[in-house]
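Per-chain residue numbering starts at 1, and chain names A, B, C and D are given in the order in which the chains are listed.
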Amino acid sequence: MRISEKFSELKKRDEGALIAYICAGDPTPEGTKEYVTALVRGGADIIELGLPFSDPVADGPTIQAGIERALNGGMTPDIYFRMVGSLKVHIPLVVMTYYNLIFKRGLEKFVKDCASSGISGIIVPDLPAEESGELAGLCEKNEIDLIFLVAPTTTESRMEQILTRGTGFIYLVARLGVTGARSDIAVSTSELIRRVRTDTPKAVGFGISNGRQAAEIISAGADGVIVGSAFVDIIAKGKDVPNKLEALASELKDGIKIAR
Amino acid sequence: MRISEKFSELKKRDEGALIAYICAGDPTPEGTKEYVTALVRGGADIIELGLPFSDPVADGPTIQAGIERALNGGMTPDIYFRMVGSLKVHIPLVVMTYYNLIFKRGLEKFVKDCASSGISGIIVPDLPAEESGELAGLCEKNEIDLIFLVAPTTTESRMEQILTRGTGFIYLVARLGVTGARSDIAVSTSELIRRVRTDTPKAVGFGISNGRQAAEIISAGADGVIVGSAFVDIIAKGKDVPNKLEALASELKDGIKIAR
Amino acid sequence: MKQELKSTKFGKYGGQFVPEVLMPALEELTGQYEKYKEDPVFNEELDYYLRDFAGRPSPLYHAKQLSREYGVKIYLKREDLVHGGAHKLNNTLGQGLLTKYMGKKRIIAETGAGQHGTACAMVGAVFGIKTEVYMGAKDTVRQRMNVYRMELMGTKVIPVKSGSQTLKDAINEAIRDWVANVETTHYMIGSVVGMHPYPTMVRDFQSVIGKEVRTQIMEKEGRFPDSIVACTGGGSNAMGIFHPFIDDDVDLFAVEAGGSGLKATDKEALHSATLCAGEDGVLHGARTKVLQNKYGQILESSSIAAGLDYAGVGPELAYLADIGRIKPRYSLDNEALEAFHDLCRLEGIIPALESSHALAYVKNAAASGELGDVVVINISGRGDKDLETVLGMNK
Amino acid sequence: MKQELKSTKFGKYGGQFVPEVLMPALEELTGQYEKYKEDPVFNEELDYYLRDFAGRPSPLYHAKQLSREYGVKIYLKREDLVHGGAHKLNNTLGQGLLTKYMGKKRIIAETGAGQHGTACAMVGAVFGIKTEVYMGAKDTVRQRMNVYRMELMGTKVIPVKSGSQTLKDAINEAIRDWVANVETTHYMIGSVVGMHPYPTMVRDFQSVIGKEVRTQIMEKEGRFPDSIVACTGGGSNAMGIFHPFIDDDVDLFAVEAGGSGLKATDKEALHSATLCAGEDGVLHGARTKVLQNKYGQILESSSIAAGLDYAGVGPELAYLADIGRIKPRYSLDNEALEAFHDLCRLEGIIPALESSHALAYVKNAAASGELGDVVVINISGRGDKDLETVLGMNK
């Protein structure tokens, strides 16, 4: 399913999207399948599946630890695509990874592997618009969305450039800093939502961990919320993981629904 | 007794002099009295009594250790002169010490203390002729000999200067190096004895430890031999000291006598 | 715009592979750097600090005994005499002054062995700018004295407990900090690595080395050297001495750390010879040669010289190697150690183990004639920091 | 002859109180030194090594932050940047070259903390002369890294087990060695102490410091400083910077190590402030001020700075103090330690604990006006060697 279809569907229901991130292979490839199912049950509309990279500079300690567990569990790009291909879910899946893994696999092969394994979009936190030309072209050809991030620091001229290139949704970085759950929502977030003038759906991430925050984000005008560290935290604790993932997803989705 | 008298006396008997060194107060002031007596019994003609200085640069390890024992035993210049004054010996006594102790006491006071305690001569290994003017004057006034050293390295012009100043005897340093017993006699020794052309008696020191060596030195033309480390070594060992001092003195004196 | 974008690269290498949050800061930094680079007041102040604070110019010393032993005429560029004991200060003085001119209130940096961190601390102290340095937790233990040096100068050292707890992880963590504090903070990268404009800027600040050599060798030899040899970790001392000669007929040798040989497993390389044995990749914001496995995971590198122990290398060096302008070489741990002893014994100069790699290469290559008759070796730093290591190896 | 004899003294201080065996060698050394001192070839070679090997001139650095903190305009003479990390090499290069010109085959030296020994080792290596260094057995343990540095450069370090097993005993032992090997060996004294011609010769070799300051301060201030402040152990860095100003209207402060206060027992002084608290005596070949008890036994001195920890002082300083040309002062251990931290924090320069005594005195005295408006402090060495000590004190 393409991301735009998902957002159209939600729009019809006047509902925001819950985009859930977990790291593939954390702690094992088998576990991931189970967790994805749980997130879907809880109401996730899109799932970002991290493909772990050894040096994740855009991630905070929680997700770093998840990535380390996944690498120690043996996750590789080959296993990743096989596993994704075997998933039976009917919502869009997005791969989140760092550019070197794409580069090393070969841009074309990587995009084709995405397409054939059923991935709808690609997020590369260390690939700014300037460096994205070739990958963007390949994504277009293979009908895969290349999702860009915008940050509070993004200037107007860069914003324009990014909004022209980005497809699927625009990933709004709620605050300066790396990924990781926090308890408050920055004022800058609403301002950023206002500044991103586009028809492409806007999803806000970095630091969201509960239903109340999710509701605030949607009320501020976002089309979706992205939650990662809060889920990875549950996996890290390792107790009753599927149920807890499902429960958190429900809570977040409820918050999102209330907001409209 | 003045040193010159002693040498005249020996000359009459066609006999070389045995000059024995020990460090005063090693290991106690009382011990020294006993050891002096033993040396006299063994045949010492002159006794050099070291007044211990904290930094004895001209001495080797054996005598350094003796000096350290003496200082730890509480020896001071005051005690030294009291002890020397109380000695009942009828041979010349010579003080051997470093210049700072003389300087600190005051040159005049030091020389007078020597005179009144019965000391006949002064040896200062770190006082070359150039620096000795004031002390030499005081010694002359107080009828005390100031004994100078000459070494294999001493040049002809320095030799002249030293021979003019030195009284009592001339201390010939048998070899380059510090005090300390050695088993062989350097060739340079005989050469040095030849080079020192003077009527003042010549005594050779540094490295003599047995009768055979003593005999060689006298045969080579010296008027006396100076032995220190070999005696200090006996004191260091601490067993049956007076007898052993006496025995070594006899052996040395015998060697000296045979040589003529 | 096209023009500017283009200049972020050296051929296909370089670029700005960083989170969007940082892009405006890089734009600002590039702009400010380009402005002050030409500013006479800035340059005068920088020259002043290089001279009076850092002690430049550093001598170019004709090492007679070493020349005789190695069989080629050797000049040593004495960066070991620069304040702090290495070339690192040339760069941090430049960036520190830039930080001051840009009005940023805080400096962050990464450090491996602590040499760059110490150079940052010096600059933080002298310019009165709050300085925090990320350092792998393992390195903080191994290089305790450098931690203490930084702290004495008022710098906060932050141990990094993630990953392999070494330089790579310290860089990751510094980038994370910068992402969070980019508006107030300058990130002071310690070599010609990372995203544009760092490789260019650090090279320019380090070029004072090569500029001095140009004058000095003309005075001494009346001509340029046949070759210049420099050890290469990130590549800043190498680019610093190479760059001013780039258009001249001088052979340039970049000597990497061969560790215990150019082998690697799926996770670790036994060396740090990125130009010699790495493959194209993207690390720490730049496309360059990288030590990586077949999937693109970055390997843990290894070297007896902490300052060379890095899985990447400056993108300009990757480019210059590709076009044949520089010659990538390597020396093994034990070869470097031997050359270290040679210089101590023959010239009374204790070189850094990093610099000893350059010496070792000259020792090996002199006979082949490859180096010509007159060679300049960059002694990038002094070896006092390495005594414990060498003492350990000799036991 | 009279004339020559006279010149062995500074007023009543100095002279040659040594065993007769050494007198001819001292005569020879004096003659050779006087000859080569004026020899253009010798001087050119010395200048060459000072520049290309040692890294001279060392900068004169205006320490702005420290000036603000201490309330007086401060320039730092940066001997910490000299090869080896201290002013010591100025002297050993001079004497090393003289050894070469005299054709002696072996160098011996004493060392306390190991700084002078290291400087000897450097010179032994670069001139290819066999070098052996006496060092108190206690010091070889305390300063293990300096022992290792010397050994790396091919110097044999001989631990001295007699007496207090520290510097004083190392000197005694070196003199003993010289007495035994005077024909082939040059004894390289590390400060302006000992018998003539050493105090004069070492002063002359160290005068390069003050000569540079004359030029540098004229460039920067257009006039001479009001005062110059230098730490004083034996006094070589002090005489080196003072001597070229001796006829000028510049106040000269010799700052000694006050330890934990100017007290002493019959065996030990709690300090090393020989000019401030010593009495006339004869030590190591010269009449000078000495720390001694009432009988003339030399005391064990003490200081946080190993390089100042000596019971004697150069005879010329004793003379200059007597005639009022230099002002003897002292700083306590804890004052020096505080000043050490000041310079690290404010200027990014880690000074030797020795040099920190000079800093501490300026900190104390600036307010009194005694130092005038512009003061030059001799930073005689860098403090990397002292990190363990400071780390220990701060615990």
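Everything below uses one rule, namely that a contact is a pair of C-beta atoms (placed from the backbone, for glycine too) under 8 Å apart; a residue touches a chain by one contact, two chains touch by 3 or more.
The structure presented is a predicted model; accordingly, all values stated were derived computationally and were not measured.
Q: From the C-alpha centres, identify the chain that is farthest from chain B.
A: Centre of mass proxy via C-alpha means gives A as farthest from chain B.
Q: Would you kindly tell me how far, in whole Å, the mean C-alpha position of chain B lies from that of chain A?
A: A distance of 98 Å separates the two centres.
Q: How far is the middle of chain A from the middle of chain D, if each middle is the mean of its Cα atoms, in Å?
A: About 67 Å separates the centre of chain A from that of chain D.
Q: Between chain C and chain D, tell me the centre distance in angstrom, where each centre is the average of that chain's C-alpha atoms.
A: The separation of the two C-alpha centroids amounts to 36 Å.
Q: For chain A, write out the residues touching at least two other chains, lowest number first.
A: Within chain A, no residue touches at least two other chains.
Q: Taking touching chains as linked, do they make an open path (line), a single closed cycle (ring), a hub with spokes (star), an all-linked set (complete), or other?
A: The chain contacts form an open line.
Q: Following the definition at the start, I'd like every touching pair of chains, please.
A: Every pair of chains meeting the touch criterion: A-C, B-D, C-D.
Q: Under the stated contact criterion, what part of chain B meets chain D in this complex?
A: Per the touch definition, chain B meets chain D at residues 53-61, 64, 68, 71, 76-78, 98-105, 125-128, 130-131, 148-155, 158, 162, 173, 176-178.
Q: In their shared complex, at which residues does chain C touch chain D?
A: 51-53, 55, 58-62, 65, 78, 80-83, 85, 121-126, 128, 145, 148-149, 152-154, 341, 344-350, 384, 387, 390-391
Q: Considering the complex alone, what residue numbers of chain D touch chain B?
A: 5, 8, 15-25, 27, 162-163, 168-169, 171-172, 175-176, 179-183, 279-285, 287, 290, 292, 294-298
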